[in-house]
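In structure tokens below, several structures.
Common to both upcoming complexes is chain A, partnered first by chain B, then by chain C.
The block that comes next holds the complex of A and B.
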């Protein structure tokens, strides 16, 4: 009996020591293969001069020093701020208003089905492939034969029929507008789900006290769904900093670099200019910026949640 | 998202390479020889048609060989050729882009077979005109024009002016033979309320027009300096200054639409085909499409007035990877594509054959081939403006968007182009 008993004990012992670690192995391996190794390779390339084939030549920090004085690099990061406005600030603000309107007003007056249909319609641009929707927008915005200018000219607004994506003055605002269209459904869906969670008694009490709609929004809705607002802002900011496909399809970073963004700049350096090291350096800087912004935002969220719980 | 894209690109390439590798391994046990051809021409294009016939001829002449043809995407080869050719999963013969940044780069890394002996033995060096041969040869740094043969061109391409004969006739205009006459013609259209020249500022047409204008003042030495780095290029010298100044003037005079900055080459072509503009200066590759698509007006082409040099070159090359298994067969295949029968079929299908004495019977194809012959006979092909430096395409696009939008002066544009040219040349030559 004794050996069997001791065997059982050792199996249990091993299990207790090893715990659930083996179950993490596939995930860890994937993480290493998909994240760690490419990141390390990218970091290494960023310290080299390399044309994509042959031997990379180690040049230390030279790529980074060159970046610091490259105006395109600074323009691309300045445009990143515009992307944050178009992907985070505007859609979150409008999304909040629309979600509250659908939920409070449309949902109550016309029934939840109408609100769901509207929500789905606003979410549609998120489902359509970016490239397909982007190409449609380039047709609509084509200056000579595009839909928008044709309509404007037909109603006599010729002076408003601008060269939307071709003029450096209008290209960035135009791209931003298209991005708002792309993005708007995401906050609406998240916020409408969040509103389901808010205790209706809070609103009823406020209504009885005579609080107008906007005050209820400010005093109840926003504080109650704050975690969702954080999530939307954080994920939106990260995707804004990394935005690539819409730029690729709409403008190719032009005209005259006016809509270039870091990811597109990195791509052109890497692939079309065959300056792999330089492209890798841009990618590394971008990754660090994203990481930093995400960390700051998460810290901010944690602190504000802590303050809330202390209240 | 950019990292994802790059990762995805790398991932796809690795996956593709692995897949090809597995296929290669599994077919390795076969007794008979498998001959692998890769190219990226549309099967309905002149090249696609002629090369299909070449494959048939090859199969007849090598009954014991199994031909395995794979149609590739241009981007697929463009972005991953280096990695594929570094592996064992290489084809025996492959179509590849000519130029320093592409075939030159691969040749300088030892990934392509030196075909100099074959060129001599099989007479390719006598068969092909000089400016067509330029793109076949690359030196140790991968700069075209001298050194060994690393690719074999089998067709040509050039830029020319497409014009709407009906619109010319309406205003009683005839084909211009000098730059002044061309400007008179364009003035007549402007006076009539028509923008005369279709262009696409977000694509290659604007840069090509600039280069063609610069070539008005250029000689072969300028081309060699600009394309082959024989001497430093003065961007404020007579040639490029004239190109930029004239381009700027043409925008100011309304010859080119101020809206053109965001237009693609596709926009340019479809607008011209719709009869919006009387003229379009672009590459001969449009010829076949225009032939098929334009039915409601009469049209023709004329070479840019007054130019003895023009944007143009050989087409893409046949290359034989260093790791290819059947190099002799690959040379046989290339030789077949250069035979009169295949060249003639290509010519009559709207392509531009490059060997001498090809008879073209198709009337439309003959018009194009005659225009091409003007440059071919006088060694007038000056290559394309974006060739010298990797990524120069984007720089030219941005530069001429500025002139179309009138947001910068020609001098400022030339300064920018000079800076990235010098940067790029330093990268290519390693100085």
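The block that comes next holds the complex of A and C.
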């Protein structure tokens, strides 16, 4: 160990910026090796024709041109919109309703204990491994001996015992329902925490004015927790565009691509069809779409915040 | 509570008059809770039910006698203890490593305020949004080239860096508000930067670091994509990958699937119960930032 310098150091020592560079070295080197370089390599692969062995052959924009006329590619991105509905729109709407309810009725009538137990229960699907819950759902929805259809047949509703995940007509709505189940706890927990910040007197004043429940929700709840609604929407949208594990476990993108999504499409291009260049192009387009959507959302939020502060 | 007691009687009465809305809303809350919990309940019931029992009385009845065949079949089939250890090894390495890297990075960015920090932070932020598919194949290729393919180490390193990208972004903004006077006082006492990091910054940032640690652990434990691609061997795979290998014919084996899902969920549920407060704090703090 170096001998400890006796005496004091000046405040300038702490302010000196150069002395901090060594702390960035391990993190930045690993970041470059694991994220930046692979991303750049992926970009390069997307301009090549390559089956994963031998030398990649440069073909310029050909993969991208092919993508533009590939119906699976367009289906997968159309399904991304369905994923956003299932992971962002529906859970956020239900989450708002439930969080406001907790806050308004249950919290006051039964005390915070009941509210926190309910909150934990809703959050449970977010904590368990996606694959474990996905496998459970696959079994529940299995057409012949699965839990749901067994119950439906037992009560005489045989006509409702559909091939939920195996029929192109029902597969996408079924997957979306399972995703809502996965996601629902996240907005509830965030919104409930946010509502604790809201002054109860606001509500009481509104109640005295005779404002109905729905009006209070629109005029008080939503404006008060807008920052949280934005964060939930942004992070949810980013993860909805990249959703992979539930699709892998529930349907494998099928039947007939009806539940295929970009991340799964690129995965199968890489590893089952050995079209590395093509898969890399899909992944690159996906990355651009995610960054673009996130950027637009952040800009939009910044602008509406600014408008608010100018009011 | 005292507030509601002091409310004028008129208001309290009018609340009771709007009973219908309240009951509708309460019914929605209850229905959603039941729908969320039902799959878990069905899982527990059927994990201990023999195939004959299931065939005769269906998924919603209590098992007529406790059956452990599904549990033992899953346990030995996937060699659960080994998968558990693999998951544990990767999750511990990536969460501890991820927090450590985040702290070092954030110390330079948030407290050291090194030149170009804004751009570096933006880069880390962008990395968080990047789909993993957009770096998957090169990582798979590199891992094969350098002999790390099919090792727990490959997944541990990748997850460490991905977690640190998130942690750096979060911690850098937390540490940028760190009281300068504390740092300067420590320097006047003769502390080096390294000593300031561990004796001043670390103790104060500890609550945030523990939230990060808990989240990194559970995220990595549940991670599916990288282990799926990089771990092909029974001796290296994690719990989610082993579970995903149950397909086709096995999906009609009710006790096997339910017991497998139950055993695989148990560690995370126990973890959730232990760290519930920390998790709740993290979700709250992370959402405001």
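Here is the rule we use: the second predicted complex is superposed on the first by the 284 of 311 C-alpha atoms of A that agree within 3 Å, B and C clash if a C-alpha of one lies under 4 Å from a C-alpha of the other, contacts with A are read in each partner's own complex, and residues count from 1 in each chain.
Going forward, a contact is a pair of C-beta atoms (placed from the backbone, for glycine too) under 8 Å apart; a residue touches a chain by one contact, two chains touch by 3 or more.
What you are looking at is a predicted structure, and each value in this text was computed from that prediction instead of being measured.
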Using the touch definition from the top, say if A:242 reaches chain B (first), chain C (second), both or neither. both
Which superposed partner A:287 touches (first chain B, second chain C, both, neither): both
So, A:263: does it touch chain B (first), chain C (second), both, or neither? both
If you tally the residues of chain A touched by each partner, is the higher count for chain B or for chain C? C
Look at A:19 in the shared chain and tell me whether it touches chain B only, chain C only, both, or neither; answer first, second, both or neither. second
Looking at the overlay, does A:164 come into contact with chain B only (first), chain C only (second), both, or neither? first
A:56 contacts which: chain B (first), chain C (second), both, neither? neither
Thinking of the overlay built on chain A, is A:204 touched by chain B (first), by chain C (second), by both, or by neither? second
Quick one: is A:129 in contact with chain B, with chain C, with both, or with neither? Answer first, second, both or neither. second
Would you please give the residues of chain A that touch chain B in one complex and also touch chain C in the other complex? 34, 38, 42, 52, 142, 144-145, 242, 244-245, 262-263, 266-267, 270-271, 279, 283, 286-287
Contact footprint of chain A on chain B as seen in their complex: 1-7, 9-10, 79, 82-83, 86, 101, 105-106, 108-109, 111, 201-202, 257-263, 267, 271, 276, 390-391, 393-394, 397-398, 401-402, 404-405, 407-408, 424, 427
Note: in the complex, chain C contacts chain A through residues 3-4, 7-8, 11, 14-15, 18, 21-22, 25-26, 28-29, 32-33, 35-37, 39-40, 42-43, 46, 54-55, 58-60, 101-102, 104-105, 107-109, 111-115, 120, 123-124, 126-127, 129-142, 157-158, 160-162, 164-165, 168, 180, 183-184, 186-193, 196-197, 218, 221-222, 224-225, 228-229, 239-241, 243-244, 246, 251-252, 254, 257-258, 260-261, 264-265, 268-269, 271-272, 276, 279-280, 283-284, 286-288
Mind listing the chain A positions that touch chain C in their complex? 4-11, 13-14, 17-21, 23-24, 26-28, 30-31, 33-35, 37-39, 41-42, 45, 52, 94, 97-98, 101-102, 104-106, 108, 118-125, 127-133, 135-140, 142, 144-147, 150-151, 154, 181, 184-186, 189-190, 193-194, 200, 204, 207-208, 210, 212-213, 227-228, 231-232, 238, 241-242, 244-245, 248-249, 262-263, 266-267, 270-271, 276, 279-280, 282-284, 286-287, 290-291, 294
Can you check the complex and tell me which residues of chain A touch chain B? 34, 38, 42, 51-54, 141-145, 163-168, 171, 239, 242-245, 251-257, 262-264, 266-275, 279, 283, 286-287
